[in-house]
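Several structures are given next for inspection.
You will see chain A twice below: alongside chain B first, and alongside chain C after that.
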Partner chain A sequence: MKILTHNMMACTKKQCMGKGFPLKVESTEQIVLEQEFNYEFTKNIYPKLDWLGIAEISIKFNIPIQLDTTKHSLEDEEFLKTLHNLLCNLKVITGSLTCPNCQRVYPIDKGIPNMLLREDEIYQEIKE
Partner chain B sequence: MPKYLINFVQQYASFRIHELESVARLFNIDIQYNKEDLEFIESLDPEIETPFLYVTVNSEEDIKKICTRSVLIKSVYSIWAETQLLDEILNELHSKFDKQFLSNYMINKTFKIEVESYGSKYNQKEKLEMMQKLKDSPLWDSGKCLMHPTEEQMDKHILWYILTDFGVERQGLVKDFTLLPRKVYFGQRIAKGNRDDIIKYNLSDRKYLGTTSMDPELSLVSANMGLVKKGHFVLDPFVGTGSFILVASHFGAQTVGCDIDIKAMRKEEDCNLETNFKDHGLTSQFLGTILCDNSCPPWRVNSMFDSIITDPPYGIRAGARKIGFKENRKFVPVPEGLRRDHIPQCIDYSVPDVMADLLELAAKTLIVGGRLVYWLPTTPDYKETDLPRHPCLRLITASCLQILTNRWGRRLVTMEKIIEYNDSIHNKSLLVQEDLGQFDPQHKDLRAVVFWKKMGTNEKTKKKEQKKKSVENHLKSKNNNDVINNNSNDTNSNNNCNNENNIENQK
Partner chain C sequence: MSRPEHIAPPEIFYDDVESKKYSSNSRIIEIQTKMAERAYELLAIPETAEGLMLLDIGCGSGISGDVITDAGHYWIGCDISQHMLDVAIDREVEGDVMLRDIGQGFPFRAGSFDAAISISAIQWLCNAEKSHHNPRKRLHTFFQSLFNVLTRGGKAILQFYPENSAQIEMITASALRCGFSGGLLIDFPNSSKAKKYFLVLFTGNNNIMPSAKGVEGEEYEQQEEEDSNEVKYSNRKRDRRRVTKSKGSAQHKTKEWIMNKKDRQRKQGREIKNDSKFSGRKRGPKF
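Right, the complex of A and B next:
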């Protein structure tokens, strides 16, 4: 799971709609990829990000990033490079995601987050 | 404004114009054509159908750009003369162009002439004869013939084409030499369509495949309909083996896929969805996959995807499933210790529900102006009210139809998000069927249509059953004694009556 994917995700439970993000990341194994800076994509994705999630990740993995987004613009290439590096080059292989609202834990295994709910959780929802 | 003749591929007649329009939109190119010609382009009637269409664009650059993407264009020509007979080509050419202009046209240039035909074939001798007919023209005064130009020579190389259009079925099995072509064109080829990508993403070269992998040509068409380009963010919520995101990545988008089936995404360590990306050198364009259920998508409600391209499961080859509690089982909560590696129970996910959830997902996560492109199975009874709808989405086209058998086919449906999603207005539970579409859709129970044997009401099965019955009765009557023999005669005569009735019914 790359950090960008994490930034777009939220808890899948219906009752957490609008509240289930940013998911808290625990990581026991992660890799850093080396990929070329993609200017078009970073520019495209910039306004869609959840900056609270970025802030948490930046602290968690100790990657400093300028969070005061009012100051810099899309022309600041250095900033975009750091952002791209954080979003696309850090990949969590094993770990877990925790919903800040309902505390549900979603495991990450071999780089794929498992966002499936259990059938009893769905059943509860229908009952409620 | 220059006018060009497009030669489309022969198959997928109903897709061709929509792909062209989408690609033109992708590059912001203003493309114009005579709307009356569409009738011939999309026609299934072999008498009138044709793959040739004249279009007008602002410049030659524009048409070349379109050709870099469009996979349903074979080639594009700039036509110098168009007649009914080959012998009249030169007259037409000389009346349209000044003699001096023609004579000077190919100074310092090389050329080659080719003959191509739609609905017929020529051997080398016939081709030469046709070329000979054009020999008396000032056009060939300057210019040198070159059969195999190198890369550098291509700039100054002109490919002249003689195109004849016979129509796909006019020629027949035995070649009729007296039959004249519907049209003869003479002109130069400007560009070739993007057919090479189809070979590049050939399924047989792909290591990791599944039963429902989409073929590369239609994947590329879907990506073109979805206006995928460099820097875009693309999602496939039913990723399977990843055919769509692979070609979307090829066009420069960053892609992400979801599926409920972990096996589909991570079959083996050295042969999975990710290795397919690696084999094509696209690893940097691939963001990863997520194991999730389409009925509970794992995304924030935020406009983030530029397009969603997908082939939802519709229960013919791959059945749709979602997590849920099976009705025949007792409700037992999963014990605390077993929760982490628990594999949830799945129940059937009806196709109308799949579609409704897909549109809801698109309404929530697409950017305004972003496109949702998906495949929908349809029968000949298809009506536009079958289509799922959503107030945030506008239908662009659903007329691209691939006919699979005479009972069913599949349509490529393209929709565009027009307004932002608002939870208090567009929440699925607040919408009525008027907003959501799918009025008694024929895709509700497609298995019954495709595997028609199961329907039981079919004439063929009826006949079989009756035959079986009469044979059984016959055997019974043989084994029975004299007294019952009379009765069995009666039953036999009854059978005869039944058979007569059947024949009448069939009539």
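Right, the complex of A and C next:
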């Protein structure tokens, strides 16, 4: 699981709708990839990011990044490179994700987060 | 055609053996790639756009994801089969994958994705695999969640294999109820083999429905454009009849047919009897 995916993720248990993020990451094994810097992609993804999640990751994995969103500039290539590096090159192989709202733990194995919910945790609403 | 969804639930059907097929069988790979390319084409992402965020629903071993990667975009995939995802990891796909039942919705923040594609996945939602499964509810959760994770102005192209018209009705009705606009698009409606169903969904309004491939007869296409919000079914029998009427040659052994043939042969320089009042005339009954 890349950090980019983590940044998009949220817990969808019925009591967590809209507040089940950022998930807390515990990692026992992670790898660093070497992907080329993609300017267009980083620019497109920027408005979608959740900076609270990035702040937590930045502290957790000790990757310094400018967290003050008012000081960000999309023209600053150095900043975008650090951001891309954080999002796309850090991959959690084994570990777990914990929902900050309901404390539900989702295990990560072989780089695949297991997000399956039990029957009683599913959010369902139907208007017939 | 065999239907895997009648054999076992997806997480069991796509076991070790079945999943390996998806990385080694060149025919499966070719078909999946073609459908994914068509789905991508239907998304109509402008060529200048690069580095978008796409969701692959029922990504499996990531064959459809490769098409997205080739187009220069990033993707995240969801699938319910652990074995299929293992294959995807082995193949070192560019995108990220996660284990998730799409009938439970998507575990993402709202507005995370620019577009979504799905190849041969959503027909699985029409089957109740467990005692607590209710296909209608699961479809509703699926579409509602899909609507939420897409950006406004986002698109979703979902290719699927419906079993009957009731399933088509159930799926499209559920999608439209969740706020999507769009409808069903059928490629090659007159062919039993090449026929493919695509559910084309928009989160915003005022979108132009793309036109289907391999549709003969212009009337059909015009109808499709006129009101894209309604679901169209192709009536195969009617279509075929229209084609023979307008395009086909004159019926065998009629006067018109004989005259055409004589003309044709005359042009070829053959020796042909002159036309007379007896040419192509019916013979009376014999004694």
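Definition applied: the second predicted complex is superposed on the first by the 119 of 128 C-alpha atoms of A that agree within 3 Å, B and C clash if a C-alpha of one lies under 4 Å from a C-alpha of the other, contacts with A are read in each partner's own complex, and residues count from 1 in each chain.
One rule holds for everything that comes next: contacts are C-beta pairs under 8 Å (C-beta built on N, C-alpha and C of every residue); 3 or more make two chains touch, one makes a residue touch a chain.
Since the structure is predicted, the reported quantities are computational estimates derived from the model, not experimental observations.
Student: Looking at A:63 after the superposition, I want to know if it touches chain B, chain C, both of them or none. Which is it: first, second, both, neither?
Tutor: Neither: A:63 stays clear of chain B and chain C.
Student: Quick one: classify A:44 as touching chain B (first), chain C (second), both or neither.
Tutor: both
Student: Output check: A:36 vs chain B and chain C. Expected answer is one of first, second, both, neither. What do you get?
Tutor: first
Student: Once the shared chain is lined up, is A:14 touching chain B (first), chain C (second), both, or neither of them?
Tutor: First partner only, chain B.
Student: Between chain B and chain C, which residues of chain A are contacted by each of them?
Tutor: 1-2, 4-5, 8-12, 18, 21, 38-41, 43-45, 48, 50, 110-117, 119, 122-123
Student: Spell out the part of chain C that touches chain A in their complex, as residue ranges.
Tutor: Within the complex, chain C contacts chain A at residues 50-53, 72-74, 76, 78, 80, 82, 85-86, 89, 96-101, 104-114, 130, 132, 136-137, 140-141, 144-145, 151, 177.
Student: List the residues on chain A that touch chain C in their complex, please.
Tutor: By the definition above, chain A touches chain C via 1-2, 4-5, 8-12, 18, 21, 38-45, 48, 50, 110-117, 119, 122-127.
Student: Which residues of chain B touch chain A in their complex?
Tutor: 230-233, 252, 254, 256, 260, 262, 265-266, 283-284, 287-293, 296-304, 306, 323-326, 331-334, 339-340, 342, 344-345, 367, 423
Student: Inside the complex, what are the residues of chain A that reach chain B?
Tutor: 1-2, 4-5, 8-14, 17-18, 21, 35-36, 38-41, 43-45, 48, 50, 88, 91, 105, 107, 110-120, 122-123
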